[in-house]
């Protein structure tokens, strides 16, 4: 009884506040609904979708002015996926799905192959390069490294890779295929165009890891493991062709078969190698083998 | 004309590195070495490379055209000596790294002889048609010998738009060490003047100024005397300029002499001015009067590391190695071989690199000259001292541009007008933190060019 | 004359001495998030100034015209936030519909700042400081916004420079921004007492 | 024939100036001020300078060690920071406080931003500001010079301030402002001492002569340009003159403002720190005018007697904006599209 | 008609929730406001008790004490008499100073003869944490215990442990420190005179 | 909209502790920085603030979870705000009634909980899509993370800035407090370096 009385007591003093709030709620509902009807603007449906996928708390952590801004921004520049820290990986995945990033893939995934296999010790240097540690810069300063076609090892590609999938190992850019997403950033970054995006139809791909168009003699003088354009590989397998003193692999034709294996074994400089997640180590060049035997 | 010599004509900012010209300035032009094998690079100029017109094993005459042009902005190549084409292969190139070249085995290697030159007493450029001059220059394979290597025939082309009112002759030679232009002005004075008058006739300029830095009083005197001797020409004047680097940069030179500014991203013809180098002028006379193609040039071989520095007349295609050997080899522990001068020259690694039409000097620097700190690339962070801004002749903000490139912010670099940099090197020269500002800017330009190519608008 | 003096001092005080960001810690989220580039920061600052003026004035009016006369101060928070949220949403829709260019340049910031504590904070501080004239409320609201704009633009300038230096990796982003803000707040202490 | 040649970008020569040389020049320029500090504050000066320099250098070393970066002590910038911090501290400050200030200077003011050249704020002033905020009393207790207090003890023990203390000239001028009175007396009585330095104040700031001597050296060596000092002193003088003309009883005469407090020291050694000042000349003028004006606003209107430190920090903060405002346009004009 | 139905379909929840929440707030407020009021009073008592530990009771005196506030307005002040048994132990009252951010409400206790301050405490203030709110810290407050009731002055630097008319300011918070001293200097003599006039305390030194 | 097959938007029961570190709202997600900076001069107000946030978080998550199927899209944020504001008002009243000292100390930062991004973020990301129980767990986890972060920050600042911890003197007498840490600058610097430390640890771990 006492409790009931006190509740009644409280209510009697509270109804006023309740009413005011009621009125307030009513007014705002009216205003916003009318505004919603009258002030509608058509926008790209994908923006709406992305917006809906976002946490919608407008915290600004993404660097944009709120979720709306980010939705628009990420649509224009998909590199910005993953900037929404409250949303985390889940939201990033949703955005990626909306933007349909993966859908464009037809056929095997593209993966980069570095067309050089010379480590620092395999190369000839005419002089010590003392400039800016960047491949683009070093490439502009002619000829410190004798081979004009080989990897410079200053890692412009490494810096371009957002996924930590490239590393310079003993002066050679080396892809970590377990991390690579095939984004092509590295192939755009290399000033010597050494990195080619290749349809990776198999776990490991065979490749001629050289780009030198010098004649065989010059190549040999400059690099222990360069392609001398001798054509032995092309004799073994259809997948290889030689032009401009350089053998090339037709990746579309590649299959792990005996012929290709034979080409690999015949190559005098060991420049035909496997690349991929479980690639076996490259063969030593014949000259080195001979030296080792002796 | 010596009486109205005035000092102090110059541009704003810039630096004054030690001149170091004493090594070679008093050495007359001498014939260079006898070379057995010459490599004529097919790309020695701005524009499309020329195409080889000979095959391996062909015999060629001295002066025979061996590289043909397919494009408008291009220059043919000629064989400096008689001999056999040994091979067509990639050869080291000071800028491009490696480049197609025609290698000629000389029939009988003899030292080149200095060109004979007697100006006919009645020489009058008015007798030549502008088109003829231009055509002769084009056939001779002439490209700017001041460094940039722009085909001269395109520059002095008659009836170009807009019309050219002024011809500026660049006798500044503001780079330290180099003296080839100086010697040419002293020794081949009349030839230079004849070339100037021919160029003037071709491009139709009404006024001619010869800009010479005031640390070369003898050249100023010689040129002035030659003009006086020729008598006829009131419209050619020698303008003494304050000695300051990069006085010879064409944008600076135009500013110093004419007080005009070439718009950013523009070139002198846009404001009706043609700039040619004095060696180019001499070569124009050679080409027009004697039909001699550009096969030899004067090269200053210098630097504290060279035993016998001097100015030599050498066939184009001579390997640097041979030149250095000819000059007595190196004395001290050398540190760097530079094609060109120490401010703008290209350090080369492969000493078989041949001399090109644009390469007026080979400078072999010692560690001492380079400075130990610079040699070992001892850099600190930029302390924002602003010295690089103070000296930049193009009024840029080198540190900002360079650091933007370093941090891969190419849009920032562009917003600070990276494209306006003339790569003169003043900023790097003064930087107390020893930062390779010019190097970063060059690299940034390459990045940008590549970006544009990859992403067509 | 006296009112003018009062308004000026009030304005300076809320811009320099009681700067909402640097001394009252309000609006830190956009301060950290949108201070990466100067143009963005400036747009944000303008938007905040606008919304702050609007909501400072509106809430002051509601407080003094409705809530205090009716003795309903206890619903103050609810009313304030509803007024702010609706007003901003309305303005945003309005701009988007009728002034698309204006919307693109600063309307995009509007939703972000509804949930920004600088706005509500200023309204609450107006109440706390016992501001009892409308004019003063308006001036202080504008001042609050301008103080925010100033602080965020300074920070954006600094951060644009910091992109080019080698900030330790673990301090990049929010940490170095906070450290910079700390030093800034030290520097602003110097203005103590100038009014 | 030619072995171990190298290649790098042009230019291949450079002028014989290094960062280290620049910093050593600043230290040399500070010698007169340090000497005067030594004369007036004896062993205290030595200990404070030593403490600050050693702690600054050690902190920088440790930071580099933690980041696995090459040691950067060779550029001597940490030493300069240490000296300037020490010279801006009250002579009687406990050594442990000076050590804390040094650590804050280097860690918060410099290394957090990435080390030399990266810092936005003047490291020494960051350290000093932190000390002012933390240990307000200690940072406003001023020992009188030994020439006045012959009995100055040789060593200050850490806990008690057992030396004679005195208000600084600026504190007196502040009193004059508050009382609207006696500004003239103070100016005439103290002007001479502020020139020789025989007054209470921070270690390095008291003697105008010593600072001018060092400043002249830096100007001669071209380590600093004249723009910033001129702008700071000019604008401060103008502001002080206005105040003086408004009320000569309350505000001391403008010259007094120039020679007292940290204005001169700051104008020549602190505001000129290249790292934290604008790059362009026009920017330097703006920056200097800002520093001078803000200093005087704080001195004349504010709660603190001196505003140099705050003014420098504030203008450091807007330096990026000034740089943006004074962006350089190429000699050939803006490129067309 | 349809649009009205549409409207209610869309927004009934908002309206209902508004009402419900309004009630919720109001009820809470009604339930708690006596407690909140009581908190204020008990805080005064508690503070006063802390300042005059001997006192056993605090009773408002009947006499009207009219004083002039800092802003010049006349106002009435409630003065409590603190008693130990039936002996007057001191006097307690509340004064308001103007601080850095806002007004500062102080509770001040003086001894029976109104000669020295027994202490003060801060009832409400909005001074900056770390700055002005140090007036609540004992090192600052203790300076007042035993200080004379008139002629307090503020000094910068000095020894806060000596008890005299000199109050050492809080560093970096001179404004707050001044506010306290000024409030004391302004009110205490007024109250003292009034109490003397009313004959509640003696006239003496 | 899909709920929790993706597992990230809401904290599961078995990861009750996620809010403490992996998704700590302050240290990892950088949400709700304003109160973090403003009330951490000492541990007690920081803790009180944390508790207030927990209270509001739980209540609003419950309410939102109850209403989750009735929400209309364009009035959704308004509903959230209304709910949160109501509970903040109640929290403020409770504080005034039972913790008057703390209420005074926290001043306007209690009502500012209304705009604390954490609460609206959880309402949107979790409560509006999940049943009540899960929402409560989430609220507790997030609230705990917030409170702990605040207390750590406040602990550092209080000990160095005043020599005390939870109002108890812990530093030796000779220690002169670094007053700067109690000031705004202390808040910024301490949080800045704390976040740096967190980033360092995170990097080391991964």
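Chains: A, B, C, D, E and F, in written order; residue numbering restarts at 1 for each.
The rule is short, and it goes like this: a contact is a pair of C-beta atoms (placed from the backbone, for glycine too) under 8 Å apart; a residue touches a chain by one contact, two chains touch by 3 or more.
The structure presented is a predicted model; accordingly, all values stated were derived computationally and were not measured.
Visitor: Where the contacts of subunit C and subunit F overlap, which chains show up?
Guide: A, D, E
Visitor: Note down the smallest number of touching-chain steps it takes to go from subunit B to subunit F.
Guide: When the steps are counted carefully, the minimum from subunit B to subunit F is 2.
Visitor: From subunit E, which chain is the farthest off, judged by mean CA positions?
Guide: B
Visitor: Mind checking the centre-to-centre distance between subunit B and subunit E? Centres are C-alpha means, answer in whole Å.
Guide: Computed from C-alpha means, the inter-chain centre distance equals 87 Å.
Visitor: Counting in whole Å, what is the centre-to-centre distance of subunit A and subunit D, each centre being its mean C-alpha position?
Guide: One centre to the other, that is 49 Å.
Visitor: When the centre of a chain is set as the mean of its C-alpha atoms, what distance in Å lies between subunit C and subunit E?
Guide: 32
Visitor: Between subunit D and subunit F, what is the gap in Å from one C-alpha centre to the other?
Guide: Averaging C-alpha atoms per chain gives centres 41 Å apart.
Visitor: So which stretches of subunit E touch two or more other chains?
Guide: Those would be 10-11, 14, 17-18, 21-22, 25-26, 29, 126, 128, 171-172, 175.
Visitor: By the touch rule stated above, which residues of subunit A touch at least two different other chains?
Guide: Touching at least two other chains: 16-17, 20-21, 24-25, 28-29, 32-33, 36, 57, 59, 61, 126-127, 129-132, 137, 141-144.
Visitor: Listing for subunit C: what residues touch at least two other chains?
Guide: 23, 29, 32, 74-75, 78, 82, 86, 115, 128, 165-166, 168, 171, 176, 179, 182-183, 186, 189, 193
Visitor: What pattern do the touching chains form: line, ring, star, complete or other?
Guide: The chain contacts form none of line, ring, star or complete graph.
Visitor: Taking all chains into account, which pairs touch?
Guide: The complete list of chain pairs in contact reads A-B, A-C, A-D, A-E, A-F, B-C, B-D, C-D, C-E, C-F, D-E, D-F, E-F.
Visitor: What residues of subunit E sit close enough to touch subunit F in their complex?
Guide: For this pair, the touching residues of subunit E are 10-11, 13-14, 17-18, 21, 24-25, 28-29, 32, 35-36, 39-40, 43, 124-126, 128-131, 171-172.
Visitor: Which residues of subunit E touch subunit A once you look at their complex with the stated criterion?
Guide: Of all residues in subunit E, those touching subunit A are 7, 10-11, 14-15, 17-23, 25-27, 29-31.
Visitor: In their complex, what parts of subunit C are in touch with subunit B?
Guide: 163-166
Visitor: Going by the contact rule at the top, pick out the subunit B residues touching subunit D in the complex.
Guide: Going through subunit B, the ones touching subunit D are 12, 15, 17-18, 176, 251, 255, 261-266, 321, 324-325, 329-330, 334-338, 340, 342-349, 351, 364-365, 369-371, 373-375, 377-378, 380-386, 389, 393-397, 399-400, 416-417, 419-420, 423, 425, 428-434, 436, 438-439, 442.
Visitor: Residues of subunit A touching subunit C in their complex?
Guide: These residues of subunit A touch subunit C: 16-17, 20-21, 24, 28, 31-32, 35-36, 38-41, 57-69, 72.
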